[in-house]
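Order as written gives the chain letters A, B, C, D and E; numbering starts at 1 within each chain.
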Amino acid sequence: MGLIEGAAGQLNTVGYIVLMMIGIYAMTGKSNLVKKLVGMNIFQWSIILFVVSLSAKRDASIPIVLDGHGGGAAPVLDAAQYANPLPQVLMLTAIVVGVAITGVALALLLRIHRQFGTLEENELLERLDASSGS
Amino acid sequence: MNVHQSAVPILVVLAPLITSFLLPVVGWRFRPAVFPLTLTALALSCAAAFEAARRVARDGPLHYYLGGWAPPWGIEFRIDALGALMLLMITIITLLVGIYSKRSVLHEIPSKEVPFYSVFLLLVAGLIGLVSTADMFNAYVFLEITSLTSYALVSIGSGAAVVSAFRYVILGTVGAAFYLLAVGYLYGATGTLNMADLARLLPPLYESPAVLVGFAFLVIGMSIKMALFPMHTWLPGAYSHAPSAVSALIAATTTKAAAYLLIRVMFFVFEPRFSIEVIPVTTVLGWTGALAMVLGSVMALAQSDLKRMLAYSSVAQMGCIVLGIGLANAAGYTGALLHLVNHAFMKGGLFLVAGAIVYRTGLRRIHELRGLSRHMPVATFVFTVCAFAMIGIPPTGGFFSKLYLMLGAIEAGNWVFVAVIVLSSLLALAYLANVLRYLYFPRDEDGGEDEAAAIPIPPRRHTAPWTMLGPMIAVAAGILLLGLFNGEVVDRLVVPALPAGLDAREVAR
Amino acid sequence: MTRYPPEGQPPDIIIRVVCRSLVPFIQLFGLYVVVHGHSSPGGGFQGGVTLAASFVLLALAEGRGALRRHIPLGALNAFASAGVLLYAGLGVVCLALGANYLDYGPLPFAEPRSVGMLVIEIGVGITVMAAMLSIFRDMLEF
Amino acid sequence: MKLLHLVATAVTGLLLIVGSLDLAETGDPAAPAATHVSPRYIESGLEETGVENMVTAVLADYRGFDTLGEVTVIFTGAIAVLLILRNGLKGEEDEA
Amino acid sequence: MIGSLDVVLLVLSVVCAVAAVQVRDLLASVVLLAAFSLFMCLLWTELGAVDVAFTEAAVGAGVTTVLFVITVYKTDRVSRD
């Protein structure tokens, strides 16, 4: 297996690593607070991409039994035929957690803007110093 | 299916959880019921925690299969000696802070008590769930409940609280996301999420890069959550701007819960030898902890705001706990656990006193507190007890945890650590003695003009109300009891919580 | 920065009519998703978000006062609580019936596990809808 | 300061690359993730819970407590936003 | 499963992520984030995670975007970086 094919087999890995680095960069390096939150969302979704990749199986179908109650006897199910449901369940929860945190963070941003009139971190720090000094 | 187990482990978490769901409904129609309901839930949870601890001491670890599904397929609650210790600590502290919060919440955030107590109970439920669960992902969910509630509670403080809360959100989310990533790696390598199952499957995989990196992310994430030195930047702002009751609650519990999770994974999910031999995490943690102790104490020394000073002191004390973990021997581990419990009590107590001072006088600066002991004798006394514990003066619990840490450092042959522990105690003496000096002595030798600047306390209300005094006195008593019955505490609660890989004989007193 | 709709004016008639006529279909779809999570993708969470989206659309169509007029503030919180209470309460019922928490086995139905799951999906749906709307409203009216 | 962020980003990336070296390839049906716990959900989920959608079965039954936690998180988010934002609207709660 | 569609989706999502982080107009940034989330959602459908994709479509493109847009409307629209 050559390098190119190896990279293709690990395509999602490459993808989530790149995305996570973008997210971390935005969270730490950007000065605008909304940008930080955009970075935070990218960061969380890249982790979700990683875990969802764990659930994939080659040539497998989605984890729903299609003829469940149709033909009387329960169908015989083979684990290799269906994608792994467990990581998907975990990531459903993670997405929900992510949106709750985003909501709280955005609410904080509204308060910050009302109180200090800016969402740029360096201006915010200046105003904080000014208000605490007086 | 059709498993029936004693419901005690789940009751500890269900009492605050369900009550927090009930509060908005009850508070919508009948506001006065909110506080009694909150206290009932906390007391119930505390009682269940005592019962659980009693059973753990009698029969060994408690198991509870949620939904009746046996692990590793379902989620398991597992309370062992370590979990029982944490449960007792969390429920006692939160009950005390709950009683204390009545007046201070009315004072600092009027008209919001319904959402406040709902979030308060959710935080408690999150902490309890975090220490009870035996499932890695379930721990993540509870970790996020804890963080989300902490962000909200910090943000309702005064001044720049929202900015501090936002910084806390960003760093806290990174920490939790790293934990989730670690869980993903461990799941990818083993295919399970249950802690006991992981402990069984992991040893052959110790050399695998995925496991190593997962572990590294976990340690980094938890270090952020527990504000270990280079990642501590969220803590001072969050603690000093939060409302007083919240400062006490968060300082006493959330960082400790992260430390618990780190201990749980390092010593129970992985074998201790993994973090000692396979990758030198303990060494790194030990030195980082030492650095945090020194720098945190120095920064505390430089603060003029009482709550901010206490916050930096927290950074130093978390360093102390991490140093104990990093020593990775029985004495060091015992010291770390003892210090975790002691610090929860003493820092909780200090923040409670700081809150009472703010409540009564509105003063925050240390140099403004001149001669406060005449006005608030009980609060100052509690402050003194907590300060003695922080410094490590014998009758208090703080002395013994530092003693065990020293023993651990000596056993590890690391004299630098011994010096660091002594140095940090001296620095703690320096910054706390400074406060005590102002509290007890009306004026400096040189500063005659300060006499005029007496504290503007309204007459006839010299002391804090009993709902504030009671919990403060209880905390002080707790610290003294932890010191006086230290042997009992170590034998009954800490020694059973030693992980398998660390030698228990060393701890014999 | 220009705002839409301009201060004091109702939204454009086309947007209003289209949004209003879409709302019932979206709500129907949301309900379908909530109760049909057993056999197709979806469930309480996705359905709840869809239902919340329909109300958001209503707010867009009728201006900012619409949400306040249609849903009283306290009711939103009560709904959010009711959903989780339904969920946690079902667990307590299981506990009372002698099983472990959230073990639907002993519920008195023909297919207890399926019914139990349906109940909690509905609980999840109610909470998610109310919580999302509550966040949306709080932010919009801040 | 800018350098620090780049270093943090680079270190994370490096750790991730090292970590993914020996994880099984995406889609490998023999990976540990696919063979240890999850087969039971697929093979007997329908029989044990009577639900065709395995994700729902795991979400609501096998790991139902996680979902309770998830709903709690959403509930917490709503209450937290209420706590953070509903400040200026005094008296509104009383009138409702 | 690993087809050319995956490559296209991944490249597009990375492009959207970079653009969302770099662009100065915050409203554009938010819309790009929604597009990013949509590509993620398609990618997850490709991987067989339909429930996750559904949730992501509802949350990422729906709720998160709406909340972001409200915030941008009520605060400053232009970022310094």
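Note that a contact is a pair of C-beta atoms (placed from the backbone, for glycine too) under 8 Å apart; a residue touches a chain by one contact, two chains touch by 3 or more.
Quick caveat: nothing in here was measured; it's all calculated off a predicted structure.
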If a chain touches chain B and chain D alike, it appears here: A, C
Between the pairs A-C and C-D, the one where more C-beta pairs touch: C-D
Chain centre separation (chain A, chain D; CA means) in Å: 9
Rounded Å distance, chain C centre to chain E centre (Cα mean): 23
Rounded Å distance between chain D and chain E, as computed from the means of their C-alpha atoms: 18
Between chain C and chain B, distance of the C-alpha-averaged centres to the nearest whole Å: 36
Residue numbers of chain E (touch at least two other chains): 1-2, 47, 50-51, 55, 59, 63, 67, 70-71, 74
Two or more partner chains touched - positions in chain C: 39-41, 43, 45, 74, 77, 80-81, 84, 88, 91, 101-102, 104, 132, 135, 138-139, 142
Residues of chain B touching at least two other chains: 1, 17, 21, 24, 28, 66-67, 69, 137, 141, 144, 148, 151-152, 155, 162, 187-188, 193
Chain B-facing residues of chain C, complex: 74, 77-78, 80-82, 84-85, 88-89, 91-92, 95, 98-106
Residue ranges of chain C in contact with chain D within the complex: 37-41, 43, 45, 72-75, 77, 80-81, 83-84, 87-88, 91, 101-102, 104, 111, 113-114, 116-117, 120-121, 123-124, 127-128, 130-132, 134-135, 138-139, 141-142
Chain D to chain C touching residues, read off their complex: 48-53, 55-57, 59-61, 64-65, 67-68, 70-72, 74-75, 77-79, 81-82, 85-86, 88-89, 92-93, 96
Touching residues (chain side chain B, partner chain D) in the complex: 1, 17, 21, 24, 28, 66-67, 69, 72-75, 111-112, 114-116, 118-119, 122, 125, 129, 135, 137-138, 141-142, 144-145, 148-149, 151-153, 155-156, 162, 185, 187-193, 201, 208-210, 212-214, 216-217
Complex contacts: residues of chain D adjacent to chain A: 2, 4-6, 8-10, 12-13, 16-17, 20, 23, 25-29, 31, 33-35, 37-39, 41-47, 52-55, 57-59, 63, 66-67, 69-70, 73-74, 76-77, 80-81, 84-85
